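First subunit A sits with subunit B, and in the next complex the same chain sits with subunit C.
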Partner chain A sequence: MVGRRAGIGLTTVASVGVTWWLLTSVTGIVGSARFPSPAEFGVSLNQILTRGYAGAGLAQHAVHSLKLVVMGFAVAVVTGIPLGLWMGWDRRVEACVNPIFLVIRPIPPLAWIPLAILWLGLGDAAKIMVIWFAAFVPSVINAFAGVRNIDRPVIEAARMLGTPRWRMVREIIAPAAAPMIFTGLRLSLQASWTTLVAAELVGALVGLGFILNMAQQDIYPGMILVGMVAVGILGWATTWLLGQAERRALAWNVAARD
Partner chain B sequence: MTQAPLSLSQRLGWGLLGVTLLLGLWTLLTATGFVPRQFLPSPLEVATRFTTLLTSPFAGATLPVHLASSFQRYAYGVILAAAVGIPLGLLMGWFRLLDDIVTPIFDALRFIAPIAWVPFAALWFGTGMGGPVMIIFAGAFPPCLINAYRGARFVEPRLIEAARMLGTGHIRMILEILLPAAVPSIIAGLRVSAGLGWQSLVGAELIVAAAGVGFMMVQAQGSVQTATVMSGMIAIGVVGMAIDVALRQGESWLRRRRGLES
Partner chain C sequence: MGSIRFQGVNKVFGPASSGVKVLDDINLDIAEREFVAIVGPSGCGKTTCLRMVAGFEAPTSGIVSVSGRTVTEPGPDRAVVFQQFALFPWKTVRANIDLGLRNKNLPKDQRDDLIANALKLMNLESHAEAFPHQLSGGMQQRVAIARAYVLDPEVLLMDEPFGALDAQTRVVMQEELVRLARVNPRTVLFITHAVEEAVYLADRVAIMTRRPGRIKEILDVRTVRQSENWDRFNKIEDVMDLESFVHLRTHIWRSLREEKGAQGV
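== the complex of A and B ==
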């Protein structure tokens, strides 16, 4: 069964490739002003790798974007998870913070981009702020839900045994909420990439979104595709890394509880 | 968790405290001149600006007109996503071969942020209506497809076996067995789609558009009119919330109706 699926999958990918080649290179039904042919894609890739495009090589653009995503994501995680845990732990905090969330949440993170540019300019700070905003909400909500879903008896038992507060957080609350927290982190990461690309498209001087922006203005479809592929690969790679981290963290948890 | 659930008055009290703190801090920062007005206008100024925008035009139109043109694009994009995604998801849930063919393509495209389609969208469909609609489609399509597919895949096997035994054809099977069973999942997907579509719309309008709320905000940003930018954010938030409430109402209406029927 797995063999069949993989076989059909490979056939599909191969036929998409052949169709792409037929439509662009052989018949020219899709002109090169609309979508690049495989050869044009190769030329663009070669150009950005060897001579650079939009002021830098592909590696430089990619590293810059990656850095912003990691920083925004990290700030969101470091601030969001503790707030979520706290909201889950103390109903007064929840009652206090919830209305603010209710007001701010309907505004999509991307709508903060113009304000962030007004406040912090076109540099890195504005982008980190918007990414933080985008990644913050899923982190908080899932950490909160994770705490709320812990079985009460578990906490009551720990309390009866006189577990000090800090040990309670470290050994009961955080491990029990971990699966939900990781779900939130995955959503946060996805939101971070979307926001980064949008922020860089609106205004930037380096980065993958900037490649897309320049390529759009130059009407250079080959380079647009290079930018999109780069965004996709980095998004996939960071998600994969997070999945690995999740497996390790949760495996450790199970081992620790045993 | 530490305490019993709060009473209503306690909830209200703490909630009020939170909002008051936020608004108070905002007012304080602006009133003391700690933050220049240019960067952060006072809440009152934003409110005044918002009401002014309702009647006097900025960036070519009043706020309601901008909102109307945004909403039109949004509706086209989401309807298109639902019209393509839901049937495709149901078909994939029924025909194994189609599932095996579409899934690898879909998985490969999933990691590209919808906003990254902006350059091609602008190139293929222009920046007026088509380009933004395509980006909204790119944002709203995946949840429609995934939820219709999951809904169709997790139909109780006995229903399918019974229908099959009675000689039900492919089309009737999809329309009369899979679709009704998948409706709750589809509706949940639609709500996610609606949210993501609204988000994509804002992104699209910030980058490529000549009208709409996003366009208005970019223009205001260019001329450092912070109050106008914030008015745009409020308008986006309010409409986004209204869409979600409307879909939730639709969901519960549907649930009630199904409950009565069965």
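== the complex of A and C ==
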């Protein structure tokens, strides 16, 4: 089954590549001022790998962006999951926090960028803060929903067995909510990448978003595509890693669903 | 081993003045090592009775006590077996049974001995390291029973424990429970809507009215079982053929049917 799925996926990617090549290089329907051809993409990629672009090599840009995403995501997860679990467990906490959430949630994370730059300048701290804000919400909401959706008898069974408070959180509440928590983590990770690129577009001196910004000013479609593809690949790789962690942590659940 | 006492217990869901009254003046004494089954039409509040002994619900008025102590919260002295098993799917069978023992802060070697005994008692030895989803419903309920038994509770509370099982599995579990109850009698409060099950398992059967539930009648099954020597049979169908069994069953059926009639069903 997996082999067949992978085959279909590869075929799709290959056809998109061929279509791209046909449209730009062979027929010229799409001019190179609008979208780069595979050859132009190759030239841009070669340039950034060998001589660098926007002040640094591709690896340096990518590592910097990755670092910010991981830090913002980590801060969001470490703060968001406990808050979500707590809100799910104690209705009073939910009653306190929810009104604030209702007002803050509709504000797009990107709207925090001006304030973040005002507070923390154009450096990394402002970007980490914005990523944190963006990634925080899905982590909280899903951890909260995860606790609320636990079957009542499971909680009652643990109480009947005399489970003390801290063990209850660690061995019952957290694992029972884990499938939802991981859904939240995936959304948080996605939000982290989206927000990072946007934050780097606005003000940065290094990073994948900065490549995009510079390449736009240089009217350099080939390099724009390099930046986009790099974001795509890193986003996919981090999501894949998260998926692996989920498979390991939720082995019991994956098997239970099959 | 403990006793259970309901003294003038009323239960109203919602506000005391405008809520739904589910239990009306329940008085019931369950002696040490006695097996009492409560039967009644659905929604009559029989499960609420059990949940109050477990400490999941508080009576609106009246007192529920176990061995003379008023129940205030859940605890391992009152082990519950739930209809939907309520196992922890992320824990192995062994870890499910172990949790209550760990909560009692027992040393590891003692826990291992107790778990080994419980696994043997419920014929689960070869499944100790399995996860619940790898087991059939009947096996999962064995785990839940083992998890309750291993605590050596004052009382055992069983809330329609075989209601989610298929007919053949249910019969096997009923026969095993009788075997357990005869070897090592415990104080059991057993909730069911299956009349045969109640007569087969219990020392006494309490029949409840429709909502608001009252105890309408309490039947002494043990006297009949002993005088007619039901225990000479191992199989439930042999007992169910006995005239004395049929007589009790029919009596309960009539009594319950009156309740359904009163409900207009």
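Rule of thumb we're sticking to: the second predicted complex is superposed on the first by the 228 of 258 C-alpha atoms of A that agree within 3 Å, B and C clash if a C-alpha of one lies under 4 Å from a C-alpha of the other, contacts with A are read in each partner's own complex, and residues count from 1 in each chain.
By definition in this document, a contact is a pair of C-beta atoms (placed from the backbone, for glycine too) under 8 Å apart; a residue touches a chain by one contact, two chains touch by 3 or more.
Note that the coordinates shown come from a computational prediction; the quantities given were computed from them, not determined experimentally.
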{"item": "Touched partner set for A:P99, first subunit B, second subunit C, both or neither", "value": "first"}
{"item": "Touching partner for A:D151 - first (subunit B), second (subunit C), both, neither", "value": "second"}
{"item": "Which of subunit B and subunit C A:I224 touches, first, second, both or neither", "value": "first"}
{"item": "First (subunit B), second (subunit C), both or neither touched by A:G232", "value": "first"}
{"item": "Touched partner set for A:I117, first subunit B, second subunit C, both or neither", "value": "first"}
{"item": "Touching partner for A:E246 - first (subunit B), second (subunit C), both, neither", "value": "neither"}
{"item": "Touched subunit A residues, subunit B compared with subunit C", "value": "B"}
{"item": "Touching both subunit C and subunit B, counted on subunit A across the two superposed complexes", "value": "none"}
{"item": "Subunit A contact footprint on subunit C (complex, rising order)", "value": "54-56, 73-76, 78-80, 82, 84, 86-91, 99-100, 102-104, 131, 133-134, 147, 151"}
{"item": "Contact footprint of subunit A on subunit B as seen in their complex", "value": "1-3, 5-6, 10-11, 13-19, 22, 39-40, 97, 100-101, 103-105, 108-109, 111-120, 122-124, 198-199, 202-203, 206-207, 214, 217-218, 220-221, 224, 226, 229-230, 232-234, 236-238, 240-241, 244"}
{"item": "Interface residues, subunit A side, partner subunit C - complex", "value": "151, 153-154, 156-164, 167, 171-172, 175-176, 178, 252-253, 255-256"}
{"item": "Residue ranges of subunit A in contact with subunit B within the complex", "value": "4-5, 8-9, 12-13, 16, 33-35, 88-92, 95-100, 103-104, 106-115, 117-119, 147-148, 150, 152, 155, 193-194, 197-198, 201-202, 209, 212-213, 215-216, 219, 221, 224, 227-228, 231-233, 235-236, 239"}
